[in-house]
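What follows is a pair of complexes built around subunit A, which joins subunit B in one and subunit C in the other.
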Partner chain A sequence: MEMHRDDLGARLGMWIFIFTEILLFGGLFLVYAVMRHRYSDEFHQAAHQLNAFIGTVNTVVLLFSSATVAMSITAVQKGEKRKGVLFIFITLVCAGIFLFNKYLEWGHKISIGLYPGSEMMVGLKHGYILFFSLYFFMTGLHMLHLVIGSIILTIIMVKILIGSINPGKYTLLENGGLYWHLVDLIWIFLFPLLYLIT
Partner chain B sequence: MTQTETHITDYRVYLWVLLALLIFTTITITVTWIDLSAFTVMVALIIASIKSFIVLRYFMHLKFESRMFTVFVVMVLSIYVLVIGLTFFDYLMR
Partner chain C sequence: MTDTITHSYLENTGKYKGLLSWLTTTDHKRIGLMYMYAMMVFFLVGVILGEIMRLELFRPGQQFFNAQTYNGIFTIHGIIMIFTVVIPGLAAVFGNFSMPLLIGAHDVAFPRLNLLSWYLFIAGAAIALTSQFMGNGPPDTGWTFYAPYSTQTHTNVVAAVFGAFVLGFSSILTGLNFIVTIHRLRAPGMTFFKMPLFPWSIYATAWIQVLATPIVGITLLMIIAERWFRIGFFDPSLGGDPILYQHLFWIYSHPAVYIMILPAMGVITEIIPTFSQKRIYGYRAIALSSLAIAGVGYFVWAHHMFTSGISTTERWIFSLLTFVVAIPSAIKVFNWVSTMYKGSISLKPPFIFALGFIFLFMIGGLTGLVQGSLATDIHVHDTAFVVAHFHYIVFGGVGFAFFAALHYWYPKMFGRMYNFKRANIAFGFMFVGFNLLYFPQFILGLMGMPRRYFDYLPQFTTGQQISAVGGWLLLIGIIIMLVNLFSKKGAKAPDNPWGGKTLEWTIPSPPSQENFDTIPQVTEQPYNYD
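Now for the complex of A and B:
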């Protein structure tokens, strides 16, 4: 007897989870909006400290990885197993590049003593402290999502390899893809608001 | 049992979508070089919204999903916009 399966229901569940994620980040964006309104000059100057070049590279890397995840679904649907695995692998490489850039970016800030709770940061003006705290918290939470997404995609890649994700059953891949696109979606707003508006 | 959804998007569609997203990214970056003073944030948000729309519609398959998904997404985003509106209404009126 075949097990009951509800692909639409599974995707709907994933979407409901995504809504909670949107509201989680939404709350942080709301804090950002109000504080930016209140300390607009200080936010403006503090944002100059961020490396817009690394931010841009990471934006391109994430957009590219989103496309490859989407393409892996096409590959699996068509039964092109090797292509499917390859696309997920490219996505994971992109995630690695993103994390390496973040390491360079954060590493530099921490080396000059700029991190939440540091002596240097405590001595800054209120608007600066808020900006950098929001910067570390929002990009940090985003990075956590990226790491979780990478783990999920690694599992998915193995499942495609062993055939438990196949043209007849690929909802897990679709849901993993949705999660990855969410990570991309959040970055689409984080990038201009933190790095560009200076 | 097979997947209920049978729509298969061509690889090329995703490449076009990626190209569109990269073009919008370029626009966002270019726009910051021009001083639009008060409108800078607004322009950045409008472009980010266009990019999100593209990601939601094509990458996240809303275009090919049941209408119900789109309705839910619009509802959630409306609630969020309402919350922002109410917060600023409260904040600015103090």
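Now for the complex of A and C:
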């Protein structure tokens, strides 16, 4: 049976999948909106506990990585295989930096006992509890997506190397890039909502 | 295709033989059948659980098991029936088997993703079922997993919730696949308004699957996080809000009702013109009413929460929208009946099941408005009336439409006919049994019988016993139907046993692996009977 190939269809499918991901996070944004409305003062104070510097660094790192993914697509389209691989690799390094920073942030909070279900947390004011629960839940789910995106990009990098992604056939790379932009986009919303409301 | 001999899709020609060739297939027709077999198993388990509940309710007081067991049984009955049978139901089975045939395609847009959806479906169902045997006993929350009880009960809620999450993921991928298929793979010349109405309903359904399911996905993850980490979103002692859970849950779970019923309506819309040998009445109205139901159905969820203490403004807005969503459904019923008018009707089993659907669906739909109305809902909320309404829609509607579809496309699926007389007898048992089972629940509900109760006052005994007898008749009907369809091979089916006009009847029964040797050119409206 001959394989059916439809690049436009594949992209359409990816876009619809991205809608579903946005709606998945949409549920969390809804909870955030309700709770922020209810406990706006406490959210404001709790946000002081987050390190806006690390948050900013991570934002810049992710924005940069989105650019490198886009550059990789152009490179592959032009047939510059080595550059394509290099740009994906840089993207993966950015993902590593992001995760390392998150490890520092989460590690610090957990070491001082500030995590959902901890004795310290349960004793806090309601707005604080919900802010930090949302912080861990939202950034945690975002990190999971970042890890999945990194795995996808790693597979794509190998496929560029062995030539199964090439100037004639690069829809998978484009779709992987779209997914990476989604990871970036969600962070762009998480960053101000969690770090910049002080 | 290199060789000229075309094989039926039921024959094994690939790399693997036997069961393995099915488990590795990417053929939409085979995947549709695999959904169907799996669902039949789940359905029978759910039916048996339902019959067990009816036995327990045969007399007041405890008969066979205690209240906790009863809570566990109605919970798993709900989880199995809702998440593994009626939500995927017609969309997964006939959306897969028939939709690509109806639009003149070789397969769905993403065949491998389609197979992955099936595996996720099986995995989700298996995870949900483990909740029965592991941890601290079967969940006892009901299929709605309402917080705060679901975050506090010691039973094994996490497995059930995670199973539902995986099933949701499967549903999303199926919906995504169907949207792209309908956009990209319609036969040349088949514009949207030349597309048959079953694909139209699948299209509307697929959008709900894609746009609503992620919300319940994240909500179910919140329940798990609430249980494991005490995040407090739904826990008032930590500042959270249980009503917020109800909103998030119903934002998906009400549209889910339309995921169930829209393909059912689509099937009926195929069957009525075929057996009336008449052009469908109001083609565009039916097509667009599917989209209207999908669109408006998204904004009626809080009618499940009229007694939860939400504001008066919310209540009347959601009540109004609930009445509005009844209009496109009524348009469809009107069009079906008008199609039959002056048609040359042939009373074959699929048509009889379709008539049964219309009758039961109308009772279910109209009693829904009793609950959509703010004043009367206070009286019937959380009573057996709701149970009756719900089963009239979900079993009387979706279930009978599923059986109608099965009898309609069975010759195409297996290349064989079945015994019409036995199919009609099965229908008779099921129809009478169904009404005996659920109609008394309307009356019991109005009298004040609460739902989900293990015990009841003596004055409800007669009604409960009529229900039990109805349940037995229904079960007999189901058994006769399944034996008739699956026990032995019937006569060979012609390509077009019903005189249908849609594309699936132009190809052999059963179809070849490729469906169409050459993709047909479409120039006319479907249902060109006169």
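Note that the second predicted complex is superposed on the first by the 196 of 198 C-alpha atoms of A that agree within 3 Å, B and C clash if a C-alpha of one lies under 4 Å from a C-alpha of the other, contacts with A are read in each partner's own complex, and residues count from 1 in each chain.
To be clear about the criterion, contacts are C-beta pairs under 8 Å (C-beta built on N, C-alpha and C of every residue); 3 or more make two chains touch, one makes a residue touch a chain.
Everything numeric here is computed off the predicted structure, so don't read it as measured data.
Of the two partner chains, neither subunit B nor subunit C is touched by A:Ile162.
Contact with subunit C, but none with subunit B, is seen for A:Phe137 once the two complexes are overlaid on the shared chain.
Look at A:Val60: by the touch rule set out above, it reaches subunit B but stays clear of subunit C. After overlaying the two complexes on the shared chain, residue contacts for A:Asp7 are found with subunit B alone; subunit C is out of touch.
Counting residues of subunit A touched by each partner, subunit B versus subunit C, the larger count belongs to B.
With both structures placed on the common chain, the touch criterion links A:Phe189 to subunit B but leaves subunit C unconnected. By the document's definition of touching, of the two partners only subunit C reaches A:Gly117; subunit B does not. Within the superposed three-chain model, A:Phe19 lies in touch with subunit B and with subunit C [touch as defined at top]. In the overlay built on the shared chain, the residue A:Leu30 is in contact with subunit B and with subunit C.
Look at A:Lys78: by the touch rule set out above, it reaches subunit B but stays clear of subunit C. Common to the subunit B-facing and subunit C-facing surfaces of subunit A are residues 2, 8, 12, 16, 19, 23, 26, 30, 34.
Interface residues of subunit C facing subunit A in the complex, by the touch rule stated above, are 1, 106-107, 109-110, 113, 172, 176-177, 179-180, 183-185, 210-211, 213-215, 217-219, 221-222, 225, 228-233, 238-241, 244, 248, 513-514.
Residues of subunit A that touch subunit C in their complex: 1-2, 4, 6, 8-10, 12-13, 16-17, 19-21, 23-28, 30-31, 34-35, 38-39, 115-117, 122, 125-127, 129-130, 133-134, 136-137, 141.
Residues of subunit A that touch subunit B in their complex: 2, 5, 7-8, 11-12, 15-16, 19, 22-23, 26, 30, 33-34, 36-37, 52, 56, 59-60, 63-64, 66-67, 69-71, 73-74, 77-78, 167-171, 174, 177-178, 181, 184-185, 188-189, 191-193, 196-198. Note for the complex: subunit B touches subunit A at residues 1-5, 8-11, 14-15, 17-18, 21-22, 25, 28-29, 32, 40-41, 44-45, 47-48, 51-52, 55-56, 58-61, 65-66, 68-69, 72-73, 76-77, 80, 83-84, 87-88, 91.
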